[in-house]
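So, here come the structures, one by one.
Next come two complexes, and both contain subunit A; in the first it sits with subunit B, in the second with subunit C.
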Partner chain A sequence: MKCLSSIIAALLLAVIGAPATAQTSKPAEVDLGIFTFTSGPGAAYGVPGRNAADVVIGQINASGGIGGVPVKPIYVDEGQGTNAVVAEFRKLASDSNNQAMIAALSSANCLALAPVAEQLQMPTFMWNCDTHQLFLKDKYKYVYRTNSSTVPEFVADALYLLAVKPNVKTVAIIDPDYAFGRDAGLIFKQTLKALKPDIEVVAELYPKLGSPSFNTEISRLVAAKPDVIFSNFWGADLENFARQAAPRELFTSSQVILALGESVLQSVGNLLPDGVIIGVIGDGWWKSSTAQANPQTKAFIEDYRKRFNEYPVFPSFKMANTIYAVKAVYDKALATNKGRWPTRDELVAAAKGIKVDTLTGTLALREDNDGLVDQIVGVTEKSSSYPFPIMGNMVRYPANLVTPPVGTDPIAWISKLTPTMLANAPKPGSYK
Partner chain B sequence: MFANYVPVIVDGLVDAALIFFVAVGLTLVFSVARVLNVAHGSFYALGAYLSVVIGMWLTGHGWIVASLAALLLSPILIAVALGPLIERTLLRWTYGRPEALQILVTFGLFLVLEDMQKLIFGVEPYSQDTAVQLFGVSHISGIVYPNYQLLLIVLAIMVGIGLRLMLRQTRIGKLIAAVVADQEMAQTIGIDVSRIFVLAFTLGVLLAALGGALASPMIGVAPGLGAEAIVLAFAVAAIGGLGQIEGAALAAILVGLTRASAIYWAPEFQPVVPYLVMVAVLLVRPYGLFGSVGLRRI
Partner chain C sequence: MAYSGPSVFGAFDMVVWQLLALAVAAMALPVAVPWLGFVITVAIGKGLAALGVAMLLRGGLISIGHALYVAVGAYATAFLMLSVGMNELFLLLVCTTAITMASGLVIGAFMARYRAIFFAMLNLAISMVFFTLLSKLYNLTGGSDGMRVATPTVLGVTLDRTKFDLVLQFSAVALMVVVALLIDRYLKSPLGEALTAIHANEVRLEYLGVSARGVILAVYTISAALAGLGGAITAVAIGHVVPELSYWTASGQLVLIAVLGGISGVPGAFIGAFFFELVRTFAADFVPDAWNAIVGVALLIVIFFLPQGLYGLLQRVKMRKARL
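Right, the complex of A and B next:
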């Protein structure tokens, strides 16, 4: 009887007590939870990310998977709202084959998921979490950002603007009304204030994320007659804004900066005139010399174009580079373990300080888990080879130049920038 | 000095025109059937979706000017297909029942129609701005406006006047007015009240779908459009007084102008301005600008 009780107790322990992290034998497949928008206004940005994941995972599986195990993506639509996204994350974290998560696109979802990932001890690689607030107050062990943050992204735009328009006097801002938009407005303003204190902000508009119409806001911007209009709209908001602003000559009446503009070049086409400053919030420009010099990148671009009848945009590269980073983390952990399948804790340990050659440059994960990625900025330029504008007069700002050092408050760091930074930065046109 | 206000007035009137189409349909259905239809915004969204899809198909086949027909064709298709069907099968069942039940039923219908949109049109956003390009632009107070936007103001005025004339001057309009005034008496003197309900509801659907279709060249069409439209339409209908066409028109102008003013001078308040106006009006006139206790008129 005592023996039977012991067996039952052992069985119960085995069933109840075994945590999802106990997977150490090689699994039949590597499940990978991937969070992105596949519905609603965010889908215009999120679907290229998902498409890239399909292509990259196909290529990884074709060459033997991760450590000889095929990768199986499990996509979660962020369009269903933050509460549902968190619930899906918890569900996927209980899958012992799912040792790493790629989440998320929206800054709001990232901020909600980071503490959950920490609580569940789930290695999570934030593929598109740009908000600098992610690591501002809380330190995480299980959360890494595999791309840059809002600070280098929008400091780069300000540097570019002041390089091409040194005499700019007035600026207007139109961003979406949530963390990403408000952060961008603050960072852009603070950078300009530090580098050229006499610039005046004449209008600041933060319409609701997902607004179908920006027509009144466009009138307001034109009426303000600013030298420069800055926007970090993305997804359908960006496409709507560009389509609604172009016939109203907004792009010719002021110097417009579309910080995420490259993502709509193909969909909006030649509605955008030459000279609009556009960014890729990172280094994911498919026609950059770095991308074109890499055979693996060229194969990715070609596969992507064949499957989806368009070229990959920078969200595609953010996703692709993150998946390759996760693979590199697995490879490093497997090598450290001499082939034994890693636990979740061994995976996060392997991620610390890793430097990965990506499809478009390099990604370094710092000691504070934040990513270091170069920033490419350029202007729209009509092309005789494509039915849409491409990027010209480009510059590639090194990540270290535009990213606050570890342990510094990002906004305080920006306020201490001096015009010397501008003088030392690479010049527009220096990157092909 | 006045020139500075002209863009605010133009933007406000464009906004008002689009709100009016949805709100006036909502108020018309309420005045006849006494049902506050939460699903009304879905007809706006369906009008926008169908118009964009037909317009894209026509443009894709080279019939660029003909794509304008989609703006009028799609609301008619939606009204004919959904108006009688929904009124006969679902809405009729709610007549005379408690308002809470009516709201729950129409909210259920709203959810069904929202999912139907996703099934039929998918979840990715659409845009089709051929009409904006075809009509060219005008310069008003130094700001470029698409002529199509200005045309919308004219169309809204025409629809408002047309609706009023239809209700006052035509036989069918007089029958609707009779049913609104006293349904039992109308039935006693031989008016087919059931038919009037179908007609009024279908007309409401047509107006909402027309609003969506006419808005579609200027907006991005994506899931969630219907919810946004109905919330604003409710506010406008409440401000104007439920069941009041002139009230809906005046309230739409009020909301349009205050929203535009907020974007120009106090952008932080833009999302709440329609509801602040609603609260202010209802505090002074609890039945809305044109509403009154116990009086049913149209």
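Right, the complex of A and C next:
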């Protein structure tokens, strides 16, 4: 038995190589741990994220990598569960070439990884988790979110709705039954309550995440006849819902808001009539004028389309922008160090307050480590150039308008919003 | 065939040695590869729960809902810290074990009436009800986002996280050895031997004047306590608890680990847990897109070629040596 254990230990050592040592000189490659879903339902967003990472890292390496060093992504599947994700994170943190981590997609994993990153003093950039709980109670030095949170994302939908339908009376909500769906329902409801107190919520439905059928819920929505239906369904749920609701003319009988709708325009967009409100939860819309004006973005879109036979969706841009942000942090730290390779602490210091030009706009990291990203909202619009609808009548809400200021409780901030906010906000159609 | 195996005392010694060897491996691996410390700690947590499942399997009872007690343990730890303000590692482990033991006793009182598929399904049902509660009671449990578990103190001393992880790992290894030896004694006591008898012929056991229901209630309560202790270790190791701990796939994993390791001896559950966690870790490393398949194939190989589990293989080697 003892002999067996020593054999195992020897094997493991041979597999992994010598334990990590502190990195001071320029490494042969920049390892980059990237946590995303490549199995399970989360893969609906995890795989576009991973695809985008492949394309972006290819582009970065083609133009000399980071500080002349090629980047090597190490992908970790979040579908393994929180246990294994934490274990993988610890493992990758022991790799001295891996100075920064991009993690994670799921909010639960982000919440679990944040204290671990802090403990291991590992610069970590959270690319997709939206939960406003992340920085609510805890202050982190090593954890940044290169992404907006649920609050600006769903406040933007409410602003857009009130701009295009100022006389709306009744609203129904249908969200998946987990923290993300519940949070979205609360935020959307509270925003409407603050900006237009006479709105009545006639139905709140929270079907199980991953339900094969939403027919019961659709029947209830048809019967309730609300002016507006809000949903933050995503992935397979959103496609299922669109397929099941379209034949029952839910999209024509009510004004529907699909907060994450951009991600399914290419797959089920043709089922949707013109005028369905579509969110991007961020600014990652590939056809926006900002994206199209940037040659780098155009190259990314073209490359992505060639390799994966589809246009990038917003999760792709969240990942791509995060990787460019990490590169910008490296570049800044290298410049501060006058070319000496940065330590992890120097990277974290460089990330503080950085403002990055991304593929689709800008990303600013605030003093509380949260990301400031604009929010694009629009409606479905048939297109003569594409076999699927694109977004029209768009607006780009500046991040500062829709994001609660540093140190405020987000839900309390929402309840203090006033109709003047609506007057000051840019109008639908003001953005192309 | 004349009995040529080890004597009862010899067998006891054997288990001690096997457990000590496991403990040495569990301590040595992280010295060589520091990040494995966490994997080992979580594996011991799973091993404890799998040991509970293995005990039930000895009595012919399959629980495909034992992750329930892992989750009860994990959330009990989270709530004890958050609501009660209990902040001492060892106190937390003791209280959590007591809480899961109590819940095991209550639920076991119903479970002891059922056998076979009914026992399995009822356990599954209760664990899924608990999963749903954890997910739905958003304001209380944080829903699918889960709850934070802070770093507890150790004997009143606040340690930095790295030292704490080391203490936790050593404590888990020590607990593994102590608990496994206690369970080994239990399984070799009349109450434990009655378990095998239930599997073989329950009616005859009743005629001998032993209450089958009592035997099952005892083993069920103990197995719940083991799973709860495993859950507590997992919760403080990860620092975050999520409802998925109670999901049926987690229960399935425990049965898998128990079968994989082999139920003929106490070390089996831990061997299975170490094997499973290490295979998964390395599979995810080398083939990030197909780790599921690698784990699946590894399990199939063990089940096809080692029906007695990895521990059975160990015993077979020993038997052959004894015969030579």
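Here is the rule we go by: the second predicted complex is superposed on the first by the 410 of 432 C-alpha atoms of A that agree within 3 Å, B and C clash if a C-alpha of one lies under 4 Å from a C-alpha of the other, contacts with A are read in each partner's own complex, and residues count from 1 in each chain.
By definition in this document, a residue touches a chain if its C-beta (ideal position, glycine included) is under 8 Å from a C-beta of that chain, and two chains touch if they have at least 3 such contacts.
Bear in mind the structure is a predicted one, so any value in this text is a computation, not a measurement.
Asker: Which of the two partners, first being subunit B and second being subunit C, lies in contact with A:Thr216: first, second, both, or neither?
Answerer: It touches subunit B, and subunit C stays clear.
Asker: Check whether A:Thr38 is in contact with subunit B, with subunit C, with both or with neither, and answer first, second, both or neither.
Answerer: both
Asker: Answer with first, second, both or neither: which of subunit B and subunit C does A:Pro115 touch in the superposed model?
Answerer: In the superposed model, A:Pro115 contacts subunit C only, not subunit B.
Asker: Between subunit B and subunit C, whom does A:Glu29 touch in the aligned arrangement: first, second, both, or neither?
Answerer: neither
Asker: In the overlaid three-chain picture, which partner chain does A:Asp357 touch, first (subunit B) or second (subunit C), both, or neither?
Answerer: After superposing on A, A:Asp357 lies clear of both subunit B and subunit C.
Asker: Counting residues of subunit A in contact, which comes out ahead: subunit B or subunit C?
Answerer: Between subunit B and subunit C, C touches the greater number of residues in subunit A.
Asker: By the touch definition at the top of the document, which applies to A:Glu204: first (subunit B), second (subunit C), both, or neither?
Answerer: Touch partner of A:Glu204: subunit B, not subunit C.
Asker: Give one of first, second, both or neither to describe whether A:Tyr178 is in contact with subunit B, with subunit C, with both, or with none.
Answerer: In the superposition, A:Tyr178 touches subunit C alone.
Asker: Touching A:Gly81, do we find subunit B (first), subunit C (second), both, or neither?
Answerer: A:Gly81 contacts subunit C only, not subunit B.
Asker: Which subunit A residues contact subunit B in one complex and subunit C in the other?
Answerer: 38-39.
Asker: Where on subunit B does subunit A make contact in their complex?
Answerer: 4, 7, 10-12, 14-15, 118, 123-125, 127, 129, 132-133, 137, 141-146, 149, 215, 218-225, 228, 259-260, 263-264, 267-268, 270-271
Asker: Which residues of subunit A touch subunit B once you look at their complex with the stated criterion?
Answerer: Of all residues in subunit A, those touching subunit B are 38-41, 43-44, 47, 79, 204-208, 210, 212-213, 215-217, 219-220, 222-223, 236-237, 239-240, 243-244, 247-249.
Asker: Write out the stretch or stretches of subunit C touching subunit A in their complex.
Answerer: The contact residues of subunit C facing subunit A are 17-18, 21-22, 24-25, 28-29, 32-36, 38-39, 42, 135-136, 138, 142-146, 148, 160-162, 234, 238-240, 242, 244, 277-278, 280-282, 284-285, 288-289, 291-292, 314.
Asker: Which of the residues in subunit A end up touching subunit C in this complex?
Answerer: 1-2, 4-6, 8-9, 12-13, 15-16, 19, 38-39, 74-77, 80-84, 86-88, 90-91, 93-94, 107-108, 111-112, 115-116, 119, 131, 133, 138, 177-180, 182, 209
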